[in-house]
């Protein structure tokens, strides 16, 4: 029975990983920009929630109305004014990737430095909806369930947008082949910028949801960038349901591994799984061969 | 095997599938030594896949590729190159930041007869003159025109000292006068003792150069023979033009 | 051809003079100046070693900290049992062997995948080592007891940096250098030109890793104790990457001229504004990408050809 609880916990954890990775997959899948400063927007969302409840005593969920638009705008600006010149001058995807990795690493350092200067490096946390509930026989805190619910909701909305709307069809076309998408009259640059911005907004939203049950600091962003990246690469670029599934897989393996082997080795188990998948299926688990 | 009249490359029951799509379906043919062999067929018929299988860019699902009696399936690309099979690419591929000379030197330094960089530079200049690129040796490859990049590719392939040269639409996109020069160049390379397999859509070149031609369609070899006999085959016309046009 | 020969001779003379001058620095300088120089040589060696593989092949590796940390740990463990020079050589050899295994399994990943993989590798080794120390050895850190003087560390790193630069220059001249560059420009073409790309990549990756492990081991001599977080600090990977890119590729001395301003800047900032260091580092990245795409090397070469050469010619004419 304990093992089952560990399993359920793994699913919750995995839902969280999937949630964090959704935005990055939107950015990398559609806009083809690997944003290594992604986790900083996660941290931004977490801090906004923290200030909302601790300073102003409002429900932290309300912070989404502040953090998501700001993250959206910032990411849109990053795409328009920092990435577009690089895309224009890059002779090939390899060269673009190298430039993008450098610039977004740079942004990561800048954002993290600013967060350290203004918010200090202290670990932060707050209590919100921590009442225990029974979920499939396992006892969980309400806030964790909320995060899982949030992940499913966001994934469902994304799925419907991508599958059922004209906008979504355009995004899918760009994911598959940006050049061909341009040839059929899709404004690739504009849609990519929107997808990139939306990805950033999702990072902020996931930061808020996760901050209800995991403490964070100005320097935790990079760890989430990495987790998200692992999930995206495991899932395959541009896959929504796959991202959630890959997140759950990672969460379950991490929870079971931590329980059965040693909790001190969870990061090692994470990377071990990731490396294994990368070596066996470099294009991701949920892509067609 | 005697030079000039034996079989240099023998392909048997070669097969390659991508998922459910069979790109090359159990095809067999023999390439006679010292001749020019044409491989034609509509786009997507599997010609380039055959080339990629021979040079180990792709690994075959089944079948065998015997080069001078030695099995090539299961080897790596660089081993195939050192066994003296060289190729050019359908979409021209040069090393963009290297000079023309350095591009060609690579083939000399690492092909089947490796030499020092200094020696390779000398040989590269000679090869560049042969393909009509003398005087452009110090230019960076990415700055050259499409045609010149094709010439670099050919010189690089020749620099590896091949017995068998695989050309993937090397004549495509040339204007009429360039085409004439190109055809002469290929003929001359063959006369110097290099066997050539060429994928080509330019029928004028096929007629002028090839002794034998194989036709592929949808992964199958549908005909093989002299250019004249193959090109008048109704099935070939059908594959190229579609049912209605062939009937008309 | 003659010009190239003259340039090479001038460069060689310059290097010899600089090396002799630097070798005597410890006689005249304070402990602080020495430690800045030590850091400088370490970074020059690391950036040159990084660029030797990653700059040429465009396989951007963030595993510098992993090999550097392996060197530190090999020294920390081995110096108790064997003389320090033996421990240093052991570090280089073990770094080489680990990189050989890693390279064989990972060097078919390209682009972003390779970057993420190498970054993950550092974290993986970090945590496994930490776990091993805590659970098996019941310790969190290892003390380093040596009586190696700062002068010896200084001279060792100076020699290591010089050997790395000269070795990298030499490889550029021979077939191996062409093979590395060809892999960076188009790996498929390289394979079809007869290059055994796997062997070239794995061997060069391991050579570069052995330098990193050696430098880590030498620097460890200065630490009173080490733990997994000190040894496997990813900042090393980033700093080396920036130094190499700031310097620019194509020339053996490129990474070195990138490392110098970076070490001085970080030395200044880390002392005065610790948080601002990360911001400055970040802005460095951005500036390099937008304004110095070829790195300082291109700037230096342009100045050399457009200003110094005409000046020299004028002087000769006059």
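Note that the chains are named A, B and C in the order they appear, and that numbering of residues resets to 1 at the start of each chain.
Convention: a contact is a pair of C-beta atoms (placed from the backbone, for glycine too) under 8 Å apart; a residue touches a chain by one contact, two chains touch by 3 or more.
Bear in mind the structure is a predicted one, so any value in this text is a computation, not a measurement.
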More contacts between chains, A-C or B-C: A-C
Chain whose averaged C-alpha position falls nearest the assembly-wide average: C
Inter-chain centre distance, chain A versus chain B - centres from mean C-alpha coordinates, in Å: 47
Computed distance of Cα centres, chain C from chain B, in Å: 43
Geometric centre distance via CA averages, chain C-chain A, whole Å: 33
Sequence positions of chain B contacting 2 or more other chains: 96
Sites on chain B touched by chain C in the complex: 55, 57, 76-78, 81-82, 86-87, 89, 93-98, 102, 105-107, 109-112, 114, 116-117, 156, 160
Contact set on chain C toward chain A in their complex: 58, 60, 105-106, 108-113, 115-117, 119-121, 123-124, 127-128, 130-131, 134-135, 238, 245, 275-286, 288-290
Chain B-facing residues of chain C, complex: 173-175, 178-179, 181-182, 185-186, 188-198
Chain A residues touching chain C - in the complex, by the definition given at the top: 34, 82, 85-86, 93-94, 97-99, 101-103, 105-114, 116-117, 226, 229-230, 233, 262, 264-265, 267-268, 271-272, 274-275, 278-279, 282
